[in-house]
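Each of the next two complexes has chain A plus one other chain: chain B in the first, chain C in the second.
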Partner chain A sequence: MLRAIYRLAWKDVMGDFRHRSTFSSMLFFSLAVLLVFQAAFEPDHQEAQRLVPGLLWSTVLFTTIMGLGRVFQSEEENGAFEGLLLAPLPRGALFFGKWLGNLVLSLLVMGMLVPLTLILFNVNIWSHVPMLMFLLFLGTMGLTALGVLLAAMTQTARSRETLLALLLLPLVAPLLIAGVQAMAEVIANGNLNGPWLNLLLIFDAIYLALAPWGFGWLVEE
Partner chain B sequence: MQRLIAFNRWLGWLTLGLLAAALWLVFDAPMDYQQGNSVRILYIHVPSAKMALFVYLALTVFSVWFLWKKSETADILTEAAAPVGAAFAMVTLASGSLWGKPMWGTWWAWDARLTSMLVLLILYVGIIALRNGIDDPIKGARATAVLCILGAVDLPIIHFSVVWWRTLHQPPSFSKASASPAISGPLLPPLIWMSIAFTFLGAYLIILKTREIRARRTLDTIEAERTFTHA
Partner chain C sequence: MTQLRAVDIAHRFGRRVVLRSVTLNCVAGECAVLYGANGSGKSTLLSLLATRLRIQQGHCHIDDLDIKIHGEAARKRTLFIGHHSHLYGHLSPLENLIFFRDIYQLDVGREELIEAIAKVGLAPFIHQPVRWFSAGMKKRLSLARILAGRPAVLLLDEPYSALDHEGVRWLNGVIDTFQKQGGLVVLASHDPERVAALNHTPWRLDGGVLQPVGETQ
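== the complex of A and B ==
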């Protein structure tokens, strides 16, 4: 089953690199978001350092929403979703496969986003980068778990991308708060523990447990 | 169906009576010695906040019922309850805002409970949008039910995270586990009566909406059959 999950994720990631290129759209979209923030706030050096957690998390959020809009697109277009459902796999494994594929793409974008943000906003906190990456990694796990579930939910809806954003943003509020606070703590004091990190972990655990279950209900025929 | 209509009409009159009686009590109650007349806004604010939460609880129960028994009634009730809950959440935010301006000196603060209520309102709107956005009735019903349950799990997390995040709101004025409520005696009866009246109002509105949805679905079926035979 692990093998099947891995295969499914590999198919999505490889397929993306070969022709659909969600990855590059996500990367350049995140750059565009950074540009918007720069134009909107024009932070000086001090402000930039204070704004970094919020900038990173909102960019990640918007970029992820964009990627999520495409999670089921290829299946939908080619009628391949029924094929996936016919595979002799539990629905949970199907979910984890789609989730892993999306997670890998999002993490690749994030790996480039963090250094780009620090360069573009001219903030010198390079020593914290591993911790920032780790927090983004934790946040993205929960974010994409919830996101892939919502993508499956809105898959057949009219104006699904708008709907996806409308549903995802309020539900993900705790993750955003916890992520921003934990990151601010890291930048201010350089330590990684505390209640906000726990909240991130709790959020991840809840959604990784809940999402496969919900997915099973959604795709049942 | 006829019995339900008759019952709901009766329920409507009862609600109207209760609301009138409670409103009379509200204006009969003495002014608060600090808040003056503005305290009367809270007789609307607190019951509607309770109802906004209570309707969500009902929504969750309907959703579980739907997924479990695949009952169409549960689906219709889910669809009917969401806009009613959204209305209560909106009244809560609006009345709170009106009260907040003279009392806190601001229309809005990013306080824990205000933020949670705003998220609840957005969630209600999301549920309505999702229900309307999916044409396939079974898929739509299932997606909505899963979303409602997801929200039920998420709302406590949202609440606790924003409580840790910031808190300015005063602690609840009654129904805390403690024996003595933080609200003075003469101000309590109107609040209790208003809460009862609002509960009836919620039930009345949901049943009314249920009838509308049922009628619309019947109409859709007839329409579909007619196009089918003509084609």
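== the complex of A and C ==
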């Protein structure tokens, strides 16, 4: 089953690199958002440190929504999604395959986002970068888990990207708050452990447990 | 020996009744061909047997497996090739078959997949993206899954569409070999001429009722 999950994710990542579609769009979009924030706030050193968590997570959210809007696009061609449903796999495995593909693309963008933010806002917290990356990794796991479920739910809707954002934003708000607060703690005190990290882990566990089940229920006819 | 038993299957979409008390029994080596006009329910019946649609009434067993309860296990023994090719345009034929092998969790080597592609006449295009293939080439590639997958039960919905004469002859040869090796085929078609070369049991679906062709004539 792990081979099937890997292959499903590989197919999505490979397709994206060949089309240069989602990854490049996400990257350029996130860069544009950061540039706009930088131009709008022009923060000094102290202010920048305070703003970075919020700016990073906002950019992550917008960028992830953009990627999620396309997560089932490749399955529309030649009835491919039906082909997946005919495979002798638990529906949860299909979910994890789609999720993993989206997670890899999102994480590649996040990997570039953190250094870009620190350079653009001239914030010298390079020693905290591994912790910031770890927090973004955790946040993106939960965000994409819920996002892939909602993308499956809205894939047949006409204005699916709007609908996806409308559904996703209120549901991931707790996770985003936990992420922002945990990151602020890291930047201020260099301390990763704390209640916000625990909350982030709890939301990840909830989304990753419920989303595959919801996906299975959703795709049954 | 593989056996398929569908008993008292009924299905409706909203208020429209598509199938009424359909019973179909097939054994290994048999090819049941479903004839019927457009909208007669052939594709619906195949989708039910493939577990793509949930059975609303009646029950169906593949060997001792109730497909309503053991859908995943039933899908492991079944290959359904329908109107859609289920291919990914950005992948090459070989990558598409590797993808198929892995999501069907088949124990088939890369060489066997290459051989299957060669047998459907697509060897010269083995590394080209499927996106640029004609409908006939896509059909051939989707049918290459029969060779790669070696299922126990083969469900084919209008398999001759988009195939040229050579392709039809090739497909009939594949089905014939498959039957001789103990495979079970259920095939929906509206074209008796193309099916004629097969050793088959004809059935007709009309008004949601399935009957052996001999009884309707």
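In the analysis below, the second predicted complex is superposed on the first by the 218 of 221 C-alpha atoms of A that agree within 3 Å, B and C clash if a C-alpha of one lies under 4 Å from a C-alpha of the other, contacts with A are read in each partner's own complex, and residues count from 1 in each chain.
Here is the rule we go by: a contact is a pair of C-beta atoms (placed from the backbone, for glycine too) under 8 Å apart; a residue touches a chain by one contact, two chains touch by 3 or more.
These numbers come from a predicted model, not from an experiment.
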item: Combined model on chain A where chain B meets chain C, clash or fit; value: fit
item: Three-chain overlay, vertex chain A: chain B-chain C angle, C-alpha, nearest 10 degrees; value: 90
item: Touching partner for A:Thr154 - first (chain B), second (chain C), both, neither; value: first
item: Touching partner for A:Ile177 - first (chain B), second (chain C), both, neither; value: first
item: Which superposed partner A:Leu218 touches (first chain B, second chain C, both, neither); value: first
item: Touched partner set for A:Leu132, first chain B, second chain C, both or neither; value: neither
item: Partner chain(s) touched by A:Ile206 [first = chain B, second = chain C, both, neither]; value: first
item: Which superposed partner A:Ile65 touches (first chain B, second chain C, both, neither); value: neither
item: Which superposed partner A:Met14 touches (first chain B, second chain C, both, neither); value: second
item: Minimal inter-chain CA distance - chain C and chain B, angstrom; value: 9
item: Common interface residues of chain A - those touching chain B in one complex and chain C in the other; value: 220
item: Interface residues, chain C side, partner chain A - complex; value: 50-54, 72-73, 75-76, 80, 82-91, 95, 98-99, 102-105, 129, 138
item: Of all residues in chain A, those that touch chain B in their complex; value: 146, 149, 153-154, 156-160, 163, 166-167, 169-171, 173-174, 177-178, 181, 195, 199, 202-203, 206, 210, 214, 217-218, 220
item: Chain A residues touching chain C - in the complex, by the definition given at the top; value: 1, 3-4, 6-8, 11, 14-15, 18-19, 74, 77-80, 82-90, 220-221
item: Contacting residues of chain B [partner chain A, same complex]; value: 67, 115, 119, 122-123, 125-126, 129-130, 133-136, 139, 142-143, 145-147, 149-151, 153-154, 157-158, 160-162, 164-165
